[in-house]
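Each of the next two complexes has chain A plus one more chain, namely chain B in the first and chain C in the second.
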Partner chain A sequence: MAARPRRTQALVAWLFLLPFLAPFVLFWAAPIVRGLYLSFTNASLTGADERFVGLANYQQLVADPTYRRALGNTVVFVVENVPVLLVAGLLLALLLNQSMPGLAAIRAAFVAPYLITASAVAIIWQFVLDPATGLLNDWLAAVGLPTQRWLSEPGQAMGAIVLITLWWRVGFPLLVLLAGLQEIPGDLYEAARLDGAGAWQRFWRITLPLLAPVLFFVFIIRLIDSFKVFAQVYLVTGGGPIGSTRVLIQYLYETGFQDFRSGYAAAIGWSLFVIILGVTAIQMRLLRRYGADE
Partner chain B sequence: MSRRRWTRRWATLAIALVLALAWAVPLLWVVSSTFKPQQEIVGPERRWLPAGPTLDHWRNIADPQGRAVGVGRAFANSVVVALISTFSTLATSSLAAYAFARLRFRGREALFGVLLATMMIPNEVILVPLFLQFHRLELLNSYAALILPHAISVLGVFLLRQFMLGIPSDLIDAAAIDGAGAFRIYRHVVLPLTRPAMATLSVFAFLGSWNDFLWPLIVVNTPDKQTLPLALITFRSAYQMLDYGTVLAATLVAVAPPLLFFVFAQRYVIAGISRTGLKG
Partner chain C sequence: MTDTLRSLDRRLFLRAGVLGAVGLHAAGRGRALAADPKSLDFTTFYVGADGGIMQGIVNRYNAMQPTAKVNFSAPAWGADYLTKLLTASLAGNPPPIVALHNYEIPPLTRFLYELDAAALGIKKENYVENAWNLAVYEGKLYGLTMSTGTLALVYNKDHFQQAGLDPAKPPTNRDEFIRAAQALTRDGRFGFARDSAGWMPWLTYNWQAGGNLLTPDGKKALFDTPAAAEAAQLEQDLIHKHKACLPTQTASPELPKLLYAGKVSMLFMGPWNLNALMKSNRDNKTNFGWAKMPVFFDRKKAVMATSHIYSLMKRKPEDPAARELGGKFIAWLLEEASVTWAQAQAPANKRVLGQMQKSDDPIVRNMTMWVEQADHAHFPPYHPRWTQVYRALSQGMEAISFRGDDVKSTLRGVTAGVNDILAQA
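== the complex of A and B ==
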């Protein structure tokens, strides 16, 4: 191989890259650049003149009450959903990290929902959460608890969405954390037990510190994913009742594809990216500081 | 002491079983409801198992009788789109990964850096410009529009490149000394050794395409091009009140392929999801 002229090898390399690079440029890189440009224009799908408007879209976003509401709803979802998924995933991973009969089947029950499409999730949970005939209210009634209005109650709808997302997505933190737990050497626990450490101490002194990098990874992935929440909300509540669950991507979708305001919609998209980037950078910095202590 | 441990083990198992059952109930309820007459799904006569089992809903799925949405057509669309997307992702990612891992060319590191940088950008951010791109190419409402955005994966290139870097150089040098060209080395030496990573990637590529809702929602505007996630929603709004059982049967059709795949290749799927987490 080394004997070949360098130029031939470069040519071969570009041939290997071509099938990937052509679609990459057309359907990924170029739209990124064009989208950034669009966000500085008043472009519209209705075909009116496209003019460069500088930062006008972004200035408008800051003052736009619908945008602020959607951002607020998204933040509420992120703040509720990320800890719920992380804690539930960790508890389930600790539970399933013990030997028990039928472990594969039990694990499969938690992972199965992770594999299905948002539309199916939405259809299923509209039945489950139906105030009059839903499974969940039937159970609440059976154990003597008051039934809930779930999706039709503005104060409750986002909580219901968090519940749905927990059922749908918990397989990911569960599996990643379970794999992380299994990497922790068993003799560490053995040694700690000989030294007289109880289960609680072993968890805080061994499990949690050694699992921290994996926990952080899951946290970041879930954080980014949660900011992009859309399908399960849109399909279950449509953003309602009275706008209490309309999230950023839904506003982007409505602006871009129902009102046809491409420029403004592109600006909404980029604002989301900047928010995600900012939040991730803060977490990374915190991690570095925390990691340096170790 | 051993008695206490015994009690603890059974308590753990009981908790795990109850929770697993709670997680499984919604899907089991869907399966059971596709065989119930309407009044046993909702309303005062609702029950867990059908009292008078019926195949009506499945008959409706098999023979739409002029209904607006054919689940069969949507299923075929989904199969075609997901299979081509998956195959294309595997082919393009492994070729590009091989070039990045094993071939020398000017600008290699810079180009790879560009790929990594674009990985940070969420798909949702390019929704509008991507739509305009397909509009310009006059490809809206086509299979090409459904497939092309899923036909490559930057994450896939990254994943396979990391894996290929771990293959011992000796194997490749030996093949090169025997006179094998770059493509033969890729095809007969590197590709067979990359199989575990390819399995992981195929799981993600298939699920990503099969389950995608937002992009088809934007790019498809006639029923004959709808994939299952979109068709389900059209179906729901058309028949929700009249025929719950048929809506649920259609739902089952949409979730069955990934779930069946999971049952038969559980180890691959589990390894695929966990591995992406640990390499980070």
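== the complex of A and C ==
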């Protein structure tokens, strides 16, 4: 007798889950599995005959100079962008955690660019950084400083992209870290002050340790996001000059949607997934060890 | 008793409703079959001023005949456009009539109908030969070429005057071009700016120097030939030796802005810019002029070009009416609307050249110069890996032009890399 209500309950549960499960399987899980399968084929968007090629796409990745360069550019972006965003976000959060006149407006001003679309960001910054017609070079020339090539110089272009990304994305670490700072009990600071701890000591002994989980969360999110960098690069430099800012997702896009090599593009995508998974696993292990030491 | 009556009323009401709906549907369908014209989607990449001109042409067609109603649209340009067509074709539901660039034909051939030009009343001899052949792939005609966009020299006449040059005599050869570009490079502006993306000047220089891009079998690149090196050397010299070309990479869509802003005095531009240039001369009192592409090397008459080809796409299930009416529409466009189309692009129909020269519309009259160049039009080759090849080539040319890398060794490196790509095809 008890079996029937349990079965009914399970059925009802599945029925409730169905509206979420069906789109999940259809639009998320199935494409992931299909993408993995594609990476072992020579599939083309033109619908030409699809053949299973085993690991050939992955072997080709290892020997592909454009892939290696795009991966290198992506790593450079991650290494430059993540620390800059974290440090800037933390400094701004510390600053905006103080009481000051017009605090809400100042906080909103820093967070606002985060809400702007990539295309608008690209237009704004091309207007500022264009070597021939940009505002920044006009200002530099006006005060007698040498103008720069910014987006047109291979040595400067990635730096310019990091700068653009900082302006655009700093709102996220700022918001999350600010919320983390406000969770730290005020009486800890008060007790430290009574014990004679200076601002620097309070930061190292109280703020940083208690903010560490939030910092780690922001770090992971920014890291994954940085590996997936595409829109601002594609729209501002198109991967140039001389391929110096072509990143992995752009190469994936070009391979899949301009060269129509869906199989190879899928292999690029899965290689990126494995890289992000590996880096995140290392971080998790380090954090656990760091947490245990603490 | 009351319940029975209520039940009967309800049944009667339901029956009457169903009968009424079926009757209305049948009447509507009958009227549709009898009178409504066949709806045909015509999808293009005309996202600029050319879209407005084509909409007007389509409206004229819809008003003059009762059998088809053409719905014009321009959803995207470039890779996104082709991707949309490919995915729609794979789903069996592409627009029946499409505009394509020549390089977009090969990936789509299995989704395109072969056309019989003679049956549509189109005579090959009336069309620019190079442009006609663009729609031929593996011996089959997959489209009819409406327009051929060659590059020409666009220059600022005021800048010419300020630099002591005669605005009525724009450069016609390499030496004149270099001298003009040097004289024009002054007061914080540059004589010339190169397009480092799809419209690299190197392509025209290389063809004029007698070079080509790939071997006829498509298995080897020809980027390290003496002609290719001479062409690349000119690109580099204009920046580093003659100091007459903007030394920074600028995205293609930004180049016309430099011309309009007075930061650059000469550019190579296609006919689709003529409308905006003439509007600027009229409304903003600018003084832009245009001339045929100078002869940088005299071994072969050549100029880089693109094209607009109109094709019919296969649908699932087959739609013979769309195919027939679509063919008629394309034939009408080419034969009857080419002069109007010259307000936006250079028609491939040579028969209309006389009408264009006598036109009241100054844009149409000026467009004749672009049409006259079309006999020497050169196009990138059909190759399944061409986009990948071109990316490597343009990156090498950026290194040569902007960074001043050694011409021969860079071209050798690019050629070796491209040959690896071609070997995988």
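Keep this in mind: the second predicted complex is superposed on the first by the 278 of 294 C-alpha atoms of A that agree within 3 Å, B and C clash if a C-alpha of one lies under 4 Å from a C-alpha of the other, contacts with A are read in each partner's own complex, and residues count from 1 in each chain.
Assume contacts are C-beta pairs under 8 Å (C-beta built on N, C-alpha and C of every residue); 3 or more make two chains touch, one makes a residue touch a chain.
As the structure is a computational prediction, the values presented were derived from the model and not from experiment.
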Look at the residues of chain A and decide whether chain B or chain C touches more of them.
B
What is the contact status of A:P113 with respect to chain B (first) and chain C (second): first, second, both, or neither?
first
Go through the superposed model and pick first if A:A212 touches only chain B, second if only chain C, both, or neither.
neither
Just checking: does A:A13 make contact with chain B only, chain C only, both, or neither of them? Give me first, second, both or neither.
first
Thinking of the overlay built on chain A, is A:D130 touched by chain B (first), by chain C (second), by both, or by neither?
both
Name the contact category of A:F257: first (chain B only), second (chain C only), both, or neither.
both
So, A:V75: does it touch chain B (first), chain C (second), both, or neither?
neither
Touched partner set for A:T46, first chain B, second chain C, both or neither
second
A:G243 contacts which: chain B (first), chain C (second), both, neither?
second
Common interface residues of chain A with chain B and chain C?
130, 133, 257
Considering the complex alone, what residue numbers of chain B touch chain A?
9, 12-13, 15-17, 19-21, 23-27, 29-30, 41-43, 46, 91-93, 95-96, 98-99, 103-106, 108, 111, 114-115, 118, 120-122, 124-133, 148-149, 151-152, 154, 157, 172-173, 176, 181-183, 186, 207, 210-214, 217-218, 228-230, 232-233, 236, 244, 247-248, 251, 254-255, 258-259, 262-263, 266, 269-270, 273-278, 280
Would you pull the chain A residues touching chain B in the complex into a rising list?
1, 6, 9-10, 12-14, 16-17, 19-21, 23-24, 26-32, 34-35, 38, 92, 95-96, 98, 100-102, 104-120, 122-125, 127-128, 130, 133, 135, 167, 171-172, 175-180, 183, 214, 217-218, 221, 224, 228, 230-231, 235, 249, 252-253, 256-257, 262, 265-266, 269-270, 272-273, 276-277
Residue numbers of chain A touching chain C in their complex, please.
45-48, 60, 65-66, 126, 130-133, 149, 151-154, 238, 240-243, 254-255, 257-260
Touching chain A in the complex, chain C uses residues 79-80, 83, 86-87, 89-90, 107-108, 110-111, 196-197, 246, 248-251, 254, 257-258, 261, 263-264, 385, 387-388, 391-392, 395, 398-399, 402-403, 417, 424
